[in-house]
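Got a structure here, written out as structure tokens. Questions coming.
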Amino acid sequence: MATSSTPLKLGVIGTGAIGRDHIRRCSHALINSTVVAVTDINLEHAAKVVAELGIAAEVYADGHAVINAPEVEAILVTSWGPTHEEFVLAAIAAGKPVFCEKPLAVTAEGCRHIVDAEIAYGKRLVQVGFMRPYDEGYRALKRVIDSGQIGEPLMLHCAHRNPTVPEQYKTDMAITDTLIHELDVLRWLLADDYKSVQVVFPRKTSKAFAHLKDPQIVLIETVKGTRIDVEVFVNCQYGYDIQCEVVGETGIARLPEPSQVQLRSEAKLSNAILMDWKDRFIAAYDVELQAFIDGVRAGHINGPSAWDGFAAAVAADACVAAQQSGTIVELGLPARPSFYN
Amino acid sequence: MATSSTPLKLGVIGTGAIGRDHIRRCSHALINSTVVAVTDINLEHAAKVVAELGIAAEVYADGHAVINAPEVEAILVTSWGPTHEEFVLAAIAAGKPVFCEKPLAVTAEGCRHIVDAEIAYGKRLVQVGFMRPYDEGYRALKRVIDSGQIGEPLMLHCAHRNPTVPEQYKTDMAITDTLIHELDVLRWLLADDYKSVQVVFPRKTSKAFAHLKDPQIVLIETVKGTRIDVEVFVNCQYGYDIQCEVVGETGIARLPEPSQVQLRSEAKLSNAILMDWKDRFIAAYDVELQAFIDGVRAGHINGPSAWDGFAAAVAADACVAAQQSGTIVELGLPARPSFYN
Amino acid sequence: MATSSTPLKLGVIGTGAIGRDHIRRCSHALINSTVVAVTDINLEHAAKVVAELGIAAEVYADGHAVINAPEVEAILVTSWGPTHEEFVLAAIAAGKPVFCEKPLAVTAEGCRHIVDAEIAYGKRLVQVGFMRPYDEGYRALKRVIDSGQIGEPLMLHCAHRNPTVPEQYKTDMAITDTLIHELDVLRWLLADDYKSVQVVFPRKTSKAFAHLKDPQIVLIETVKGTRIDVEVFVNCQYGYDIQCEVVGETGIARLPEPSQVQLRSEAKLSNAILMDWKDRFIAAYDVELQAFIDGVRAGHINGPSAWDGFAAAVAADACVAAQQSGTIVELGLPARPSFYN
Amino acid sequence: MATSSTPLKLGVIGTGAIGRDHIRRCSHALINSTVVAVTDINLEHAAKVVAELGIAAEVYADGHAVINAPEVEAILVTSWGPTHEEFVLAAIAAGKPVFCEKPLAVTAEGCRHIVDAEIAYGKRLVQVGFMRPYDEGYRALKRVIDSGQIGEPLMLHCAHRNPTVPEQYKTDMAITDTLIHELDVLRWLLADDYKSVQVVFPRKTSKAFAHLKDPQIVLIETVKGTRIDVEVFVNCQYGYDIQCEVVGETGIARLPEPSQVQLRSEAKLSNAILMDWKDRFIAAYDVELQAFIDGVRAGHINGPSAWDGFAAAVAADACVAAQQSGTIVELGLPARPSFYN
């Protein structure tokens, strides 16, 4: 394990867009980490990334080789989603801490296998790549909630809006690619679990492809009875806009808007709205991975757990079922193992 | 009928709080109107109001006497709700224009009787006292929608919040006393009708009386497919707060906040929130009644119609049924008679 | 004098733009007033206005005839500025209340004549047409100051911005046509008088005509020591924008922005800024004239006084001198006569 | 010089509050730096800081020993202000890059010595610790100005407000401790120099100590003719509040407010205002020092230069003279040496 004077030695599986960016981050932006091993389904690409980023990492033949390389102290899984489960299980088997990008596994059952393996190992090794809890805006919102200033949360009004999506974006991806971020962060924000979900389809925008139902509204009830509505609108045209308003017993708190220069110009008093999700959440990736690195070095991983990944997967499955059935769907999430308390 | 040089002579039935305020308004605040006849269930009270306001109005024995008084050119019905239907029908029978405070009648069936009577009479005589369409904020919002700047409306996110309500406020009054204002104004705002409604009950606030379910969320689908959610929260503690956000295909428009002095003080950048609904909508009452007076004098009543009163009543009935059933309730509103186009 | 049942009978001198609008206002928008006599330098135009507005007013040969017409109870002076002094003095001589549009007189000396005449008459008869104290925004700001919430006012940061001005607008008009509104309202807002003024000229905008110095900054010290800076920028392009921020010992209060629909559209979160001063202050004209009418009927005129008109004229003269000298100019305003306390 | 694989080895002179914080920053928060040598007027304190921060730095007998230590590649001067000039000159003599906290020297003449020494050396070695140009808000504001969106800047309205100051804060410290930050950042923001300054004293707040003139307003004219007004108010009670509004030919841009959770609570719509300057600018210190470290490693220091330190000192001297004289004071800044272009 790394001491305070030596950086954590990371192995990275997958050098696509997010993988390459995490390698850059861990090599050139964060402290106390270094990337010593990489691999990719395309080994030439892995070698190219190593060269371009100017790092001294060895290219291994596959993910298992990275995991088992003796110098590798912790793993980042940033490969294609369907491979996540295999590599995370292998990391657990090797007893090495592993940060896994979303999704933890492509099925709730796969997530459950990871949960079971981690519990069997007996110590938290897995952090799942849910980055919104590391966003300063959500953290500020949670501080307000937890302070009791607005009393108990009763309702959340949320929106997840993208300017446009490409043609390959299908109706169920409103859940699995878009809402998944809210499913992840709202459990954490409220310290609560989802009980049931319902999906309604408003009048469709003329700006979406013919096959896509857009917008959608997802209605969620939590175990504590808090009601959440999330508008998912992925062709809203005007911007990338994430809203979250928490209505408490005595007051309302709202996720901060990104800080912007206020302009008076052309008969408008205006603030720019971001168009790209990266501008909104890029800083949270740094904080998230630094937290993983610091957690591993301290011997205590605190970030989103395998259980959180499983719970999000169960919720997403229920939402997709609710899209199809038009009815209220109960999640049936098992009780949280004490291991994760 | 009044000419440009003579004010409209009004008869007012009911001198309770709202009646007295309308008498004051028509006598001392609006132009081209004068109150010449009043009555009340309590005739002494009617006389007292006449004296206190310093007006030269005759006190009649009952509503029918007011309606039939030869000098009375138009009627204001501000008596107890269950009497509205009778007096409005009588005014129609007398061929006199009538402004009726909410509700037009206490049942949808009663509203329908008025609609039928007015159609039979052959000319619009009735304006129902829905004042929000006369609020400058809603009018500005409607201008934005109608301008096409945000494209077709797809979703509305609304809230109706009161600081507290007294103990006699029951769960169904969240519909009949509170939501009714949204039911009235949103049809007008969208130029659309409601198709179905659903009510969900979030975790209850600890600040409400034991018998009251508060907050509630009402989910409405319109004929055009627009989805409306209205949070009704009548013990929100912090203020009287009316929110309406219209999500269109290309942009979002939001009901203006009341204009307030911005303060930097005690570590807060703040604007006051109103605590009393009267401060929010008082100006709209002036505009509403002036519109009625002007309409009668011009021979052309344009305000909220008996049909609007009927449609709101049907919607309210459906919402109360939805509160009780927990299911989606279809309105079954008949087609709008061409008389009201 | 009018009783509660009869409207105040007004004579109007001058039927140009503002005169015509005041006639319309007093005839068709306000209560308890009627216009019975008018005149203009162009009598045909006066007759045309009477006809177009559909009022029963007699056209008199000149202002003195209006003032002396027996049926006329109060006067509105809305003629060309250089004639104001003469007509206001004549109204005082006739013992009739008179509302005089800005300026009260074209020189401070002329204003002083009016002050002297009114004091000699022994009762307030004159209200000068400074409308900003009747604007709801300024009134709300004054309520905050007077409440003590922000402690004693120490500094005011103000701006008066117009999109553009025509070529005939000269450098000194930044004082006499533009700043005059701040000179009028800020004395009232602070209940204070101006002690000295200084004018500085920033880098000139390329959007102004060659002969015009634009923008300008006027620095004012009050008798109590409060420091006021007013940016006058009459080719700011983007809007008609009036700003006033009051920095007190314990907090800061800011003049409300006009209430607007908030839009999310085209990568901007925006509120419209007005382009036309009329949209900003039109409502204040109604309130201002209604206050005059009510004041006359109650026998007690409370609005901006002849002394206020004189003080504004003295301040404007000092500002023009400061424009020319580049130095700090003392006002030398005489002590306020007890008559005006 | 450090290569990409080895961190920059820093020597730190002065382990007081800011020195200790910079040591922590360079050791545990920034990348590519390590602190290898420290000293302080109190050597025991230096040793204590080294121990507490858990770093492997040697404690040297004095600043010159740190500068001349062979392993030290760059210097941070965070000692008492009057010693800055000596240590910066020594670092230049040793040919080692040096980051010097404000002030560069306690006199303009001292700053000039440093400028002359650096020019004589022939390569930029000095970065002065002006951190506001590294604040994301100011950077965003500068991007807007530089984009041409608001045209040429004509006026700046600024405010620097602190809740309170201790008794030892004297009237001239409003310039040397407080305004100095604006003097530093506004030259950078506008890419302009100051030509003359004037100071006016508003009515004094009752919340300041008797000896202190508070608030003050500093009026600055730049070489390009832009007019800047800065309100300095160090007992404003309500918060630490930094305002900067840039009025351009076609629009106005305003420094962003710190991002905060919006609250609806207790009849107020509010955002928190910071009370402590550290919360406002702490992130800028990280960016500033990382820029120095990166610049040294890249062989190219880009941050605020010795010339910027000199220009700020000349401007501060002029402001203090203007406080005392009450007149407009010309700066007489010499032409910028081409070395600093």
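General remarks:
By letter and in written order, the chains are A, B, C and D; residue numbering begins at 1 in each of them.
Heads up, the rule we're going with is that contacts are C-beta pairs under 8 Å (C-beta built on N, C-alpha and C of every residue); 3 or more make two chains touch, one makes a residue touch a chain.
Predicted model, so just to flag it, every value in this text is computed and none were measured.
Summarising the inter-chain layout, the chain whose CA centre lies farthest from the centre of chain C is A. For chain pairs A-B and A-C, the one joined by more C-beta pairs in contact is A-B. Each chain gets one centre point, the mean of its Cα atoms, and the points for chain A and chain D are 38 Å apart. Taking each chain's centre as the mean of its C-alpha atoms, chain A lies 46 Å from chain B. We define each chain's centre as the mean of its Cα atoms; on that basis chain A and chain C are separated by 59 Å. Residue positions 237-238, 250-252, 257, 264-266 of chain B are each in touch with at least two other chains. Chain contact topology: the protein chains form a complete graph, every chain touching every other one.
Those residues of chain D that touch chain B in the shared complex are 237-239, 241, 257, 264-275. Interface of chain A with chain D (complex): residues 4-5, 28-31, 54, 56, 136-137, 140-141, 143-144, 149-150, 250-266. Interface of chain B with chain A (complex): residues 151-155, 157, 200-207, 215, 217, 219, 221, 224-227, 229, 231, 233, 236-238, 247, 249-252.
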